Every structure is written in structure tokens, then in C-alpha cells.
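Okay, so chain A shows up in both of these, paired with chain B first and chain C after.
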Partner chain A sequence: MKGSTKKKIEGYLFIFPWIIGLSVFVIYPAGYGLVLGFFKFDIFNPPKWVGLRHFMELFTEDPNFLKSLSVTLRYIIFSVGLRVGAAFFLALLLNQRVKALGLWRTLFYTPSIVAGYALALLWNRMMDPQYGLVNVVLRFFGGPTPNWFGSEPLAFATITVMSVWSVGPLVVIFLAGLQGIPQELYEQAEIDGAKMRHRLIAVTIPMISPVLLFNLVIGCIHATQLFVEPLVMTNGGPNNATLTLLLYLYRNAFSYLKMGYAAAIAMIMFLLTLGMTLFLFRWSRRWVYYAGSG
Partner chain B sequence: MKIRTPLALASVLLLVSVGAFASGDSDEASSDGPVPLILSAWGGQEVADFYAANAAEFSRLSEGRVDASFRHITADYNQKVQAMIAAGDAPDVFLLGSSNAPLWWRKGLLLEVTETVHEHGLLDDSKWYSSLFSSSRDGDTFFGLPDAMNVFLLLYNKTAFDKYGVEHPTEDWTWDDVKAAAMQLTVDENGDGVNDLWGFNIWHTWSMWYQVFLWSWGAEWAIDAHEADTLPWLAGKDWQKGQMVDSGAAAALRWLQDGIYKDEFIRPRVGATVAGEAFQQGLTAMDIVGTWYLETTILVDDFEWDIAPIPRVGKGDPHVTQMTVSPWVVNARTEYALAARELAAFMCCNNFVMETMRRDTPLSKEVAFSDAYLKIPGAPPSYQLRVDIIDMIEHPRYWNRQIPNGAEIEQALNTEMEKLLINSQSPEDTAANVDKEVARLIAKGWE
Partner chain C sequence: MVRGRPVGLRVRSAVWRVVVYLLLLVLVTVALLPLLWMVSTSLKPGFLEAYSLSLLPSKVTWSNYPDTWNRVPFPGPMANTIFITALALFGSLVSASITGYAFARLRFPGREVWFAILIMTMLIPPAIMIIPQYLLFNWLRWIDSYKPLIVPWFFGGGAFRIFLFRQFIKSIPEELDQAAEIDGCSTFRIFAQIIVPLMMPAVATVAVLGFMDFWNDFFAPFIYLNNVDKDTIVLRLFRIWSDAEGYMREELHTVMAGNVLVTLPAFIIFFIAQKRFIQGIVTTGIKG
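Take a look at the complex of A and B:
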């Protein structure tokens, strides 16, 4: 046996357990879930083929689905912008040589390890119009004290802003990217008279653009899966203003026992995620700079 | 007072007499050992211990013929039981929310228990609150045995009423009385712009709360068209449309909307969290609650409280409440059908079980009025009202979904109510929209 063949076999043997796990626990359920969208299925009785009926119903007869799609798309746009922007800004700050840097980094990462359910409950308390911390502070400074879940735009905005709370992982990725930028580039820019703003635009952003792309892709996928916060904090309300695709999928699957219909929603979520990712990669050709690619 | 009914003994004798543990049919068990039965329910650890003790008692009474054990399902109950059924590993007997039972029955997941009901004489109205069985009934067929019942009542903070010189609620109270009292009880004590106490409370995003509230306003949502003692939930006489427009519903909805935005005595929406805890924290003076809520309210020692009937529109109007009944159901795929049915009957109606429960009202009238049930440390003066109210109302009304797409209808009601309560929709439009949605979803039929 040739050495290269042997190496290949060894490689496959090493990844074999992982491939088994991926096939059984990810690929098969995901594929089955996608196929299920063409069937009427209530989990208890055998699936019945309905063709494209679920998809037709989703787009022509189901205003709740269209609303949840709209909510999810808006959430993706606003929350990804906010999260990536906030993470980049925090990473820039945490990349400075300041005292107790380790402590600051830990502090900003800590919210990310809090379970989503607990976080949602905490925010629910904080946003209480009468007794919540946010309004208490606003009242102290003489500001307005809105009912954060009392109107559609405010409820949506509250859930969106809340997403910034857990930017820790994005910050860590940005930090790693920032620390990989050669210092010579900054020194050279300084010699050329570039100020901080110019260094950011001409050096930092181009050099970190692959990381930015990564965070955008991950951020979009993460945002598409928003579930716990609206479930716990608003139950999708008021007037479905925070009804996300995943929450609507959950309702159909487990409250209405419409697994096939829910699977059709899952397929649309999959296509949405795929479409966004492809778009980002295509778009990235125009602005992402890979230093090693020449 | 110790009460003994022969039900437990009868259950076991019945099992023996029909050869339940011998052979044949589906039950058949085994000469090798006791029939294994799994019992499941939701609830906290205390409740789980209670059910486990019940299962052990059933096993004991069977004298070794049955080994019943309790499998506690702590969270995501319905989803887990669904998955267990799909996987063929479901409990033999389990508690099921009344809202889901009709749908599960129609999907063929539950075993009929009609014979069990008749054999134990559970329809004898002199001994049992028999009408409760109607909530798990499809024509002449029964598919569940009620665990116990909850009724809705007006809960009020006596200490706050006394402090602000407001007369306590009475049986004759109307919604005008509630409003007058609630406005007096909405108080900003230190003038910091934050109310320290709200007069009245809404349990947002909870359709059951809205239903009982609307009924009390005379909204004829539930009409006895189906069965004399079974009232369809939410649908009108012909089961084809909602009943919001043809009723006092618009007035009720106006009362709620004005209560928040005009008269400002109702606590505004606070996210999705059920607002019941606000009363126990002393933030609201009045609340409409189910009796399961009393169990934890008894533990509150910051203030005194009591219960009263739900107010009405006019003083002479009939009293209204809503009953929620979660049935014990038998898994259609159990290997031990007869024994499982008897375990369900034991959980439903045995004195050992009923006397030790605190949370809900037992089905046996004898037990319901017994000291064992009513004389509870910390209970308020009118505690017996939770039992008396059942005889005060003209028609029992149940929360169940004996109509197609009940869960979706309930969600639609929540959504329309949200529009009303964020002041983006008039009461009239709310009523019309709910009716429209009910009609649309019922027309889709059972899927």
C-alpha cells in the first residue's frame, strides 16, 4: 500500500466516528425534517404526502407566517448590525493597553455564558415599566419611562437591543483578528502621518475584514434562530411584533401538532440562511482582503 | 374527619374479579410478577412526591398484583409525552391538560374509559361533581377521568382595602363596584410617579383569563348546544362562529382598555410573564385567579387576603366562573389497559388521593366539604367559597378545546387582545376580529 493511500485511510479512520455522529444526529434528522415539509404529519400517525400545499399556504393564506418572516428579517438586519458594530467597538477598546485588561475582557464576556432563559427573565424584570431598573434610572434622570412591551415598535426594539448583551463571542473573535494585524503596518502608517481614524480605515478594517465576514455570517445565522427571548419575554407579542420564524415553527409543531407545516417553515429558514450566507460571500469579494492570497 | 369510600378496594376487587392480571385481552399480565404501570404528571417536587405516594398506595392495595411507579416530567410536558408516545415509550396513565385532551383523543392516542366511569358510579351527582366528566367526553364516550377542578374567583388584598377605607367585595359586587374600588386602590404613596399599588390586574397573554372575564360580562360564548352540561369553549351555538359581537363582550373590552389608558387603575402589560405574582408581591389589590393560585398565596404573610365571587354586570345577574379540569388519561398503546384504567380511576377519585391534595378541588362532594380539605392553616375566612361557588353558578363552564384548531383560536384571541391592550385597536374591532378568526379556524376542521 502506498504511503499516501495509507495516510488517507488513517485520516478517514480518525474522522470516521465523527462522520457517523454527523450522519446520524445531524444530516439524517435535518434531511428528514426538510422532506417532512411535503407531508402532513402530527407525530403520532404516519405522514401523508401533500406536495407543495404547506408552502402555498404559508405564502398565500397565513398572515402570521408572513409577519414572522418580516420580524425575523428586520431582526437580522438590525441585530446583526448592532451586535457586530458593538463587538467591533468593544474589541477595539479591549485591544488597548489599559490596566486590568483581563478583568475587562472577562466582564464583557460574562453575559454570554448566562443561559438564554435566565437572561430573558432578567431582562423582563429590568424592563418593567414601573419597577424595572431601566425605567428607575431613566426616572432618576428625569427621562421618559416607556412601557417597553406596550407597543409593537418598542417591544421589537427592546428584543433587538437586548441582543447586544451577548456579544462576548464576537468580541473574542474580533480581538483575535486585531491581535493578528502586524504592528509594522501601523508603524508605517504613523510614519506616513496617518491619524487614528485613518489607521482604522486604511489598516485595521481591511486587515480584519475576513473576521468581519465571519462574524457577519455567524451573526446572521444566530439571528435567524432567535427563539428564547421572545418566547419568555413577549410570547411573540404584542400583535406578533416579536413573533420570529422559530417561535412560529415551535407553535405549529408543539402546540398545534402540525409537524409537517413546521417542517416547511424550517425549510424556508434553511433557504433563508443559505441565501444570506451565499449573498454575504458573494458580496465579500468586493471588500474582504485576504493578506495571504496575494 | 376521615372519609372512606370503597373505591380503592372496589378498584382492586374489580381487577381481580375480571381477571385483569390473569391472561387474555390486552392486560394480561403475568404470572411472573406484578403488572408494571407508569404514571406521569407535571408539577414541582412536592407534587411529584404526592403522585409517587399515590402510585405506591395503589400498588399496596393491589396486594402485589400491580407495581405502579411515578415518572416525573418536570418541564416541556406535552412535548415530552408526545415524543414518548411517538417512540412507543409513553406512560400508561398520565395527566393531560384539558386543552389538549380532546385533540389527543381525536388523534387516537387515548383509551376510552367509559366503562370505568359507569362501573364506579362516577356519574352519581349526589356524590360527585359529575358534570366535570363532561370536559373529557365525546358524546357518550369518556376519554379521561378528571384529576380535580380549579375554579376562578376574585382575590383581594384585605389589608390594602382596610388601609384605604374601601369596603370589601361581596357576592353582589358588579364590575362598576370593582372599578370604583380599584380607582381608590391605585395609589402612588410617595408621589414619585410610580404607583405603589394598582387596583386591578390582567393576566396578559393568557386566553383563559380573558374568557372567564368576558363570561362574567355576559358574553355568551358558551352555549349549551352540544350537551346540557357540556359547554363548548369559545364557539357559538352553531359551533361555526365566535360569540364576541352578539354579547356584552365589547363593553367588557372597553372596561379593560379604559382601565389602562383612561381611568388608569389596571396595571399595564409587563412582558409575557403571567402577572399573578404581582398580587402576592402586594403590587395589585385585586386579581381574578384560578384556585391553584391560592396554595402559594396562603404562604404570603405580608398582608391579609380573601376571596369573593367574580363580579357581574348587574347585581341580579347569574354568577359565573370557569372550571379547569385536567384529566387522567390512559395511553391507547398501553399493554395493560384494564389495570391502567383502574389506576386512572384511583388517581381521579380515591379518597386517599383526594384528601391529601390541597391545590385543586376534589371531585367527591363529601371530600370537598370535609375538614381535611377545607381546614388548612393560613386559609382565608371565605376559603370554602372555592367549593360553594360550584353550586352558585347556573352552568358550569369548562376550559377545553372541543372545537377544531382550539390552540390556534386561543392564540388568535391572545393576539387580538394584545392589540386592544396596547391601544391599537377598538373593542368593537377586537370583538369582530376574534369572531372572524374563530369562524375561519373552525371552518378548517379537525386536521
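Take a look at the complex of A and C:
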């Protein structure tokens, strides 16, 4: 039919700009990124094949890389754990049929509006040993007033803990998931005599588990890309305690012009993300419950 | 129903409600404290006053704001940021809505495959693309121009935005466009005259979320812009107040005034359009 042929062409006409953008700005760079790590490249001279040498160097001769890998892994575990835990707890609280729910939700979301550089700058100044909010409060209560960016564990802890303040989107997603749980399930559980704790384990957690998985996956991908906070607050220090993979990649690519070496780091980040996602999906088979699919 | 319950349960439930509200109150205070401190410090007459616990400035010093505005100075970088945000936002709204429309309504061979590709691109870690994209823009001689920050958004507008538009357009009853089609309307006219007016809630959602992304973007301006005249406002603040340039403690109050100024547009938009905003997060989150 003439009309349907026209329709077929039309569909492609409508998505054509996207296909161009996809090819030029996504697929080509992603493909290039997957091979560039095997080349030595400084922008000015043509790329030179070096095989696996960058990867050998990263893992055997580059303590900064190993440190940044360990920092990033620890950040993923602690910050995702803290953020998902805090968001779930807040969503549970907000789901207790509180009055003025919209207002509470807005208030808990508000800190997440300060993002990126402004957030990093705010926390940098808030942790100032003399005039920062945290030490002013600690001093008032007679507590210790440490130099938060002066020691490795404190600097790392600061950057990890501050990520809990931008937990707004996670709360919103959890809350929407909780509100979607059919009320009958709770009523049934109550008739069966289930205590609150049991209702949480037997009804809430299974019903919310797909949302939990989603938040974990997105949270891990997001945490792998940590950049502006350490750049602004500590510049990776002290003693590389907050040197993340992306910050180290940035330095190699744009400060030392070691594009191939930096691309090898990007590939490690890619494999890390892929590995985490696959692990979470596989692991989730044991605890995610999809209502309706048995 | 309540009458039938044992008294004990009712008491515990009242206690429980008090506990819930107390917890919420404590947590919301902790959550908002950094923001309150930011605003309060920005209004204090000098950095020394930050030494006191009081969040109330001894004298509310509005002049910190014009001081910061002139010292940074804000106008140039602000104009640059507005320019980039407006064009990137426009490009991604137009492009993502057209693409989303095609995925929601038009039937063409391979649509499901392309849609699967779209979903997969959301999962590509951006790190793998940073260097090749830089090299591509370098080859195009686009470095130190706004093109890398704007042009790509006209070609698709971002997978999440396409997805959001597709979901929304799918929820619009199809009878409307079928009737228009019988009347001989072209596909583009159906999109422009029937779908576009009906999808305004989705446009608002994408615009609000997109504004935050473009306005706050640090990484792309940071690697693509070198010339100080081209600074976005966030990049300018970074250049003058990052630790590399020396940590100026005596400027604490002006630094915080700058921080308030740079986040103010996002706050205004959030409070005006928070319903759309939250809905957008839920759509891309839950249904994603």
C-alpha cells in the first residue's frame, strides 16, 4: 500500500536526527573509547599501538591508579549504602500517612537542588576548621574540631557522608513505589496478625524490591563518576585519599595529555560499571519480587 | 473500625505518630541546615561572625550580594550560561519530543530494535566517551566554543528525555490523531497541532529537569572552554574560588552570596514547578 510505505519512511524521517546524534556523539565515541586504551596517544602525534602495556602499567607500576580504584570502590560501597538506606528510611517515614506530605517531600528534596560545583563549594566552606558550620557546632558542644581535609579518613568520610544530603530523587522514587503497594496486602497481613516489623519484611520489602534494585544500579553508576566534589573540596588529597577514577582520568588526559593511558582508565571504569550492573541484576534474582510474574 | 480495636493499639499508634513527626522534624532540620547556613553566612557583615553559632546575622548585610555580583563579575558569565542553557534546552526539547513521538506513534520497520538501542544507550557509562568526544570536538575545531555544549542536543536531545516524551505521548488517546489522519492531516501536522498542545505537561517536566542539568553542568564547560570570556557562571566561580587559587577565608560571606546567586534560578524553578519536577523523576525512575 502506498500510504503504508510513506508511513515507514516517515518514521525514519522523524528519528533521523537522533540516529545521526547516536552515531556521531554516542556509538562512535563509545567504540573509539573501547580501543583507544591500547594506543599511546598525546593528540599531537599519531596513535601508536602498545597492546596491553597501559593495563599492565596501571595495575603493576601505578600506585596512584590503584589508590584511585580503591577510593572509588570504597566510595561506591559506602555512599550507595548510606544513600539508599537513608532514602528508604525517609520514604518509609513519609509513607506513614503524615499530614502535609507534599510539604515534607519538598523540604527533603530542597538540599538536592544545590548541585555540582555549588554543592562542593558549600561543603568545602562548611567543613572549614575555624568558621565552618560543622566545627562551629562541635566547638559549641565542647567537641573536637578537626581539620576535616587534613587526614585521609576524615577527608574520605566527609565526601562520602555529604552525598547523603542529595538523596532527594531517591526518596521521591522510593515514596512513589511505596504508595503503589496495594493497601489490601497490609490489611490482609494485619488480619493475619503480622506485627509492623513483619509487615515490613513480608509486604513492603518484597513489593519495593524492583525499585530498590533500580536505585542501587543507578546509584552505583552515578557513584562511579564522582568528580566535582573531590576536585573542588580536596583536589584529590590529602595523599590521594579522595582521588577518584574520573579525577585521575581527567589528570592523565588533560593535564599530562596521556590520552591513551586515560582511555585505559576509562575502560576499567566501563568494565567496573558493567560488572557491578551484571552482579546487581544476577544477585537481585534472589531477592527481587516482580508482582504479577510470580 | 477504630472502635473495635483494643485500647492498647490506639495508644501505641498515637505514640507512634508523635515519634514519626519528631523524627521528621529532626531530620528535616539536619537536611536543611547546610542551606540555612549558606543563606545566613551570605548575609553576615563579615566572615568573623561565622565563628558564632547564631544563624541570625548581627546586621543583615544585603550589600554582600552586589559586592559579589561586581567582584566575580556575574553579568558576562551569567549571559553565557543563559545563552547555552536556552539553546541546549530548546534543542533537546524539540529533538527529544519529535523522536519520542516517532517511538510512541509511528509504525516503521525496526522500531523495537531502535528503541532497545535507545534504552541501552542510557546504560553506557559516560566515562568511556569523554576522551573520544573531546578528540572529536577537537578535530572539528569546536574546542573553546559553545558548540560541544549545544549542538549535540539538537540530535536526539538525550535518551532519558526521549523516553519521557514517548511514555507521555503513549498515554494520549490515539483516537485524536486517527481522526485527524482520516481528515487527511500529514503526520507532521498531527504532531505539531494535536500532540504538541497535549504534551505540554511533559514539555514542562523535561524543561524543568533539563534546566537544572544544563545550568549546573560543570564537567563539559570545564573541559571544553578555555577562554575566560566564555566562562559559564559555575566555571567562573570555580576559577576564582577553587583551592588552587588560594583559599580565601576572609571572603566566606561573599563566597556564600555567590553560591546563593548561582543556585537561585534553580530554586525558583523548583518551587514554581515542583509538581512537574517530582513527576519527571518518578516517570524516568519507576517506569525506566
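Following the convention adopted for this analysis, the second predicted complex is superposed on the first by the 275 of 294 C-alpha atoms of A that agree within 3 Å, B and C clash if a C-alpha of one lies under 4 Å from a C-alpha of the other, contacts with A are read in each partner's own complex, and residues count from 1 in each chain.
Assume a residue touches a chain if its C-beta (ideal position, glycine included) is under 8 Å from a C-beta of that chain, and two chains touch if they have at least 3 such contacts.
Everything numeric here is computed off the predicted structure, so don't read it as measured data.
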| item | value |
| --- | --- |
| Which superposed partner A:275 touches (first chain B, second chain C, both, neither) | neither |
| Which superposed partner A:81 touches (first chain B, second chain C, both, neither) | neither |
| Chain B versus chain C as contact partner of A:177, first or second or both or neither | second |
| Which superposed partner A:131 touches (first chain B, second chain C, both, neither) | both |
| Partner chain(s) touched by A:143 [first = chain B, second = chain C, both, neither] | neither |
| Partner chain(s) touched by A:43 [first = chain B, second = chain C, both, neither] | both |
| Of chain C and chain B, partner touching more chain A residues | C |
| First, second, both or neither for A:254, with chain B first and chain C second | both |
| Chain B versus chain C as contact partner of A:227, first or second or both or neither | second |
| Contact residues common to both interfaces of chain A (with chain B and with chain C) | 43, 121, 124, 128, 130-131, 231-235, 254 |
| Chain B partner contacts - residues on chain A that touch it in the complex | 40, 42-45, 121, 124, 127-131, 139, 145, 147, 149-152, 231-235, 237-240, 251, 254-258 |
| For the chain C and chain A complex, residues of the former touching the latter | 16-17, 20-21, 23-24, 27-28, 31-35, 37-38, 41, 47-48, 50-53, 95, 98-99, 101-103, 106-109, 111, 114, 117-118, 121, 123-136, 138, 152, 154-157, 162, 187, 191, 212, 216-219, 223, 234, 237-238, 241-244, 249, 252, 255-256, 259, 262-263, 266-267, 270-271, 274, 278, 281-282, 285-286, 288 |
| Partner chain A, residues of chain B touching it in the complex | 78-79, 82-83, 85-86, 103, 107-109, 192-195, 205, 267-273, 283, 405, 407-408, 411, 414-415, 418-419, 421-422, 424, 447 |
| Interface residues, chain A side, partner chain C - complex | 7-12, 14-15, 17-22, 24-26, 28-30, 32-34, 36, 43, 90, 93-94, 96, 98, 104-111, 113-118, 121-126, 128, 130-133, 136-137, 140, 165, 169, 172-173, 176-177, 180, 211, 214-215, 218, 221, 224-225, 227-228, 231-235, 245-246, 249-250, 253-254, 259, 262-263, 266-267, 269-270, 273-274, 277 |
